[in-house]
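Two complexes come next, and they have one chain in common, subunit A, joined by subunit B in the first and subunit C in the second.
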Partner chain A sequence: MSEDAISTVPNPATSKRRLHGIRFNLEVRRDISPWWQAAYLAGFIALGIGISAIILIWAGVPAGDLIDQFLVETLTDSDNLRSVLFQGAPFILVGLSASVAFRARFWNLGLEGQMIWGGIGATFISIHHIGPEALRLPIMIFAAAACAMAWVAIAGQLKLKLAVNEIISTLLMNYVALNFLYHLLYGPWRDATDGFPHSPKYADFERLPDFFSFSGALPLALITALGVWWLVSFTRFGFYMKFVQASDKVAGAVGIPVARITLVSVLLSGALAGIAGFVVASGQEGRLIQNFSDGYLFSGILIAFLSRNNPIVAVIVAMLVSMLFISGQSLQVFYQIPFAMVQLVQAIIVICVAASEFLIRHRIHIVR
Partner chain B sequence: MTPALDLVDIRKTFDGFVALDDAHFSAYAGEVHALLGENGAGKSSLMNVACGLYTPDAGQMLIDGAEVSLAGPSEASARGIGMVHQHFKLVKPFTVAENILLANPRRSFAKGIREISDEIRRRSDALGFNIDPTRRVGELSVAEQQRTEILKVLVGGARILILDEPTAVLTDQEAETLLTTVRGIAAQGAAIILVTHKLADVKKFADRVTVMRGGKTVATIDPSTKTTDELTELTVGASLPLPARTPGHFGRRRIEVINLRCTRADGHIALEDASFYVRAGEIYGIAGVSGNGQSELAEALMGVRTPESGLIQIEDAGEAVSAASPARMRALGAAFIPADRYSYALAGSLSITENFAVGGVGTGRYGSWAHLRQSAMKKDAEEAIGAFDVQGVRTLSQKAALLSGGNAQKLVIAREFSRSPNVIVAHSPSRGLDARATAAVHSRLMSAREAGAAVILISEDLDEALALSDRIGVMTHGRLVAEFDAPADRQQVGRAMVGHV
Partner chain C sequence: MNELFINWIANTPGYAAPYALAALGLILCERAGVLNLTAEGIMLVGALSGVGATLTMGGYPQLAIIIAMIMASLVSTLFATMTVLLRVNQVIAGLAMVFFCQGLTALLGNLFEWKNQPITGIGRIDVWPLSEIPVIGHIFFSQDLIVFLIIPIFYLVNRVLTRSMVGLRLRAVGESPEASDAAGINVTAYRFLTVMAGSALVGLAGAYISVASTKIWVDGVTAGRGWIALALVIFARWRPWRALLGALLFGAIESAMPRIAAAGIKVPQYFMLMLPYVVTLGVMIWVAWSKRGGATDEPGALGQPHVREERR
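Coming up: the complex of A and B.
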């Protein structure tokens, strides 16, 4: 025992927490006021924008043109503004879709597959001329939502009944959906008029109408966002969802029907993604094309993450992402900046927001 | 002689809330020094200052007479201060040796594992710990995990050992063994600080005790000079009344459990042919050494575990249910006070209002499915918090996780009792609570009994079961092996608890 006896010689202090001679300690915070939380968040978003600006300048965009490109040109040019407002609609919808699923702790990575099924459902109605012309649009939206719900229900049931991880099932089912779309476009749904692998064009009354020369997609998305906000904030369903999100074990033990709440949330998430699919198909080309859902998975997750699953904040974030996209397109044209730069900017902002979590959870104390 | 650890005039605030104010503490090498106080008295905050997790706003810390300021736990550990937290900080899929290496890194992994394994074997033999360094921590019992934690800080060269509520998770025998071992470590020249609210442990094992109340140090004394009642009065600030026992008025059988059988995930039988009934106005205690099927019984009664066979019959239902969901059991008038609050009762990240109101939302009390009236929820929560004396609520929108153990338990009881239940299942309702909160919980259970509820009290604390129960069933190895009417003889019940081992 002698060699293991309690040591009496203290080791020298070897603190690694030292920065330029200043020693500091990290404490885990118990609580933080929402104002400080918002302030940290804003600070880190500004940092992310700053880093992005430096990279863009380094890539060849003149510093003076940055604000011009990102704000002035995007918002004052009427074509650009119209694009921003239209592009915002599917972003809002996929952002809501991801938020609703994440609130029920269901990691829906199948947004793109569900969008494809939304597009397929709507196009099926269009090709087979189902329903009177005046009701065609609502029927198409309904069909889009229904098909996407049926698609996501597979992953939902797999999780609830067989405990299959939804991250894997939803993600892989995207490829199944995509290949089925290719099958339709190269096969039975190929446009007979020009022979290209895309579906026949929708009739005019099958496309979202314009209001005051702006696309009707945005009002549709905004009304949906209000509905989702009401659902998660003021209804019994939304209340139960909070418990399912906080802890499904506790939720079950206090008598909340966890499986039902999860399933309904998953179906709603799928429906929202399906409607987003219809909005893109109808609003952009007015037909189903091959890769119309590309990139929406990442954007949807990004919007849900940045908005902390809050539907109203998701609208704002979606519009900002839309601005970033449209200005990215002009950067491509004017400065030959690759479009990947837009994704890089998105990623930098996400990293900065994630980093802000550290300061929200910890407090730094300077030790004298 | 200079103290090994000396904390002088320590002050610590969190966003305006004063956790410590003029706190003093000093421990000498070779002594077991208990730190006694209620939940929220500041014991843990003070020890978190000592082990470098918190930086104090004011005050001095001296090690062997030299003033130090710590920048984090690794520096504290380099200076010989080791803390064993109440919630163990171990990586479950790692082996014992890997966990200890993780906290005490060496240059080479393979060599480090070899050296550390040897050292674990040596120390473990010397202390009688019987820990195999190659076993995975996840496979160890709670007591063995705790020994791993102690080995971890000893290997790190700790001379000042802080044990935070070490006996809270142990059975009586395990606690006795641990505290005896700890005395041995002190005898070799370490300073042992025992953070606790168990007076019996203090009386039996501590050389000195420092009492804290409301963030201040009240006194440092030799515990052998004081009676248990005097110590209680020092910690609580007043003496506590014992729950008054009235003769029972028993009605009809409210709940009957028939041949309940449960199997654990690993195939072991946890509960075998458990049968008992509880009448209206009666407290039925289930006593036993922990791990003999009590958790499974509680979970089956709550509806969160599906029994393999057997029935649970509630009188009002008129029919027996074999596998009820929690929602169904609640609809039949059952209320639950689970042992693990944050697993089965409270969502820590949600507000106090939400955690309270969730009990009434499904009944339509706060409006239809389409619109919930937040103001009505707030009003009810506010009333209940007053009625059930839930302390430490700064705002109703504060997270439930910020409540101390006792107050969180009071919140659970406030919610569960707000619907005047006719069956109550309480599992270790006073675990981790201080004397005052325990007394409050006990008096709530007694008044539910007066009101005619059938109460099932599953308790690993024999004194609690004896004090409250009208009848006591003893559980060993998943079976109810004996039943006693109150007043039961402590010796007899105790023998039944271990008789079948």
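Coming up: the complex of A and C.
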């Protein structure tokens, strides 16, 4: 008995030597071929999708139905396809919003609050019948952008003038905006016709028109994406932004107006989020509902992160997120999987992609 | 009116406890140089685990709180792996963790049917005969177990942080990982273990919310308290006792909210619910405004990953 116990214990001297024998050394890669980069990225995204699939199967979705739900159903069913194409529009807009702010080194985590203010601004125009009917839609979009800009300007100024941490200030302002929305919907803006806590329905001319039976939201978002792409790639402003993103100290030293560039980027970011809020309010229910902005914050950050703040790539990622979103809705209906699953899948993919960047930037050496 | 006032003061510690514990855990992480934005998510993990363990064991809420701390600590290893081992941007990693935890807790709460199940939770302990003293007895000697433990926990953590070799090394790692590395301190190990220890405290804060305050799990039960705790860390200038002071302020505000309505003062309900967030913003602005406020203990290398091979 005692002999057995002794024989299973490794000799402390050799085990210690073995521990010291293997060492992991990190080496920083100076360059890596784009193919390897893509391979690492694809591998880790596949890993993320695999983990998500395992969780879904464990949560009660039959394995055979997964591909059916995520690819076949969302792209072949015309209702679902229409939803995917519509839903892509707000995702493109919040993704652009996040990437514009991140390019100016501003962590705008107030996307949802800015969306809410966008919705409130547009609905204010609708309720008070401001402007002629033909111009109502542009006025509402303008009001959405203006309200959201005013909201984000608070956090922007606090950061620039007093160095108040924008991560926390923008996040807290989401809660303030949400409670203000509740106040409006349960109070002065409650729909008088049915008594439910949502705003009165927009008139037909206040909603985004359909083109060939597809929502006009997507063309609006695509044009915006092209505009942002032009701004960041071909203008002096975009050139300055690259400086600020690389190093705000150096940018300031070479005479670039860092504060002004940051503030304009932050305002633009807010305006984009505000328009996204209007698109959701106008395109989905045609009115403000309680939690219409739920989940867009993280989707916006995810799109900006995965597209590396590139507006054109952001469009592609946004459409993929839109597919995930619509599949999540059908999973909720058919298998009672809570919608939070969509958030979980997004978080897993971000974690995996972030991990892949480590391997892209470093090489691990095992030293014996 | 007097009765209302005593009630308000007596209820303040219960509301302050989650802020205090979460801020203490965050201070620990940040003093080691890890910018920890995960508080909101880790608190949810603690809150769900606390309720889940109580329901599974059919009681024993004290044990459930310890299990919640362990679970929070385990989940935080994912964040530690990302930020300390893989050197991922700490803001991205922290946010991803928050949303990961929100999704995970909502999913698990649903699947295990822990949602909307009331539990007994932990109750008040009356320290007889001291609790019979008028006014003071009700305020100081009739609280729950965790509230009684807060001062010892703060004393212990502060003592370790400022008066021990481990604490000195931990602060050195947060101040200058390069110098610590050169001095032979294992930066990776210190940061990794500190994240786990700090997250255990954050998980305790979350478990307190679900097991002692609400006594029920609903999705997102922490309602942004993790973000307020983060702001508290800045208010406290990374010093534990100041964090306790700030937590008491927030506890007092939150505990006053239902009582203002009960006293018959008419304030629109949703403006009342906005109050903690608005006050937090106000405090952050005030802290930024008054630069005279004295020295800060903000770590020099907060948010900077340490890569020995990238040393400049």
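The rule we apply is simple: the second predicted complex is superposed on the first by the 336 of 368 C-alpha atoms of A that agree within 3 Å, B and C clash if a C-alpha of one lies under 4 Å from a C-alpha of the other, contacts with A are read in each partner's own complex, and residues count from 1 in each chain.
Throughout what follows, a residue touches a chain if its C-beta (ideal position, glycine included) is under 8 Å from a C-beta of that chain, and two chains touch if they have at least 3 such contacts.
Quick caveat: nothing in here was measured; it's all calculated off a predicted structure.
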Touched partner set for A:26, first subunit B, second subunit C, both or neither: both
Partner chain in contact with A:249 - subunit B first, subunit C second, else both or neither: first
Partner chain in contact with A:367 - subunit B first, subunit C second, else both or neither: first
Partner chain in contact with A:173 - subunit B first, subunit C second, else both or neither: second
First, second, both or neither for A:346, with subunit B first and subunit C second: second
Which of subunit B and subunit C A:211 touches, first, second, both or neither: neither
Contacts of A:235 with subunit B and subunit C, given as first, second, both or neither: first
Subunit B and subunit C footprints on subunit A, overlapping residues: 25-28
Residues of subunit A defined as touching subunit B within the complex: 1, 4-8, 10-18, 23-28, 30-33, 234-237, 239-240, 242-243, 246-247, 249-257, 365, 367-368
Footprint of subunit A on subunit B - complex, ascending: 14-15, 52-55, 63-64, 68-72, 74-75, 78-80, 119, 122-123, 126, 154, 157-159, 185, 188-190, 302-304, 325-327, 330-331, 336, 338, 342-350, 354, 357-359, 361-362, 367-372, 398-399, 402
Complex contacts: residues of subunit A adjacent to subunit C: 25-28, 55, 59-60, 107, 109, 158, 162-165, 167-169, 171-173, 175-176, 179-180, 182-183, 186-187, 298, 301, 305, 336-338, 340-348, 350-351, 354-355, 357-358, 362
Contact set on subunit C toward subunit A in their complex: 37, 78, 82, 86-89, 91-93, 95-97, 99-100, 102-107, 110-111, 219, 224, 227-228, 230-231, 234, 268-271, 273-274, 277-278, 280-281, 284-285, 288-289, 307-310
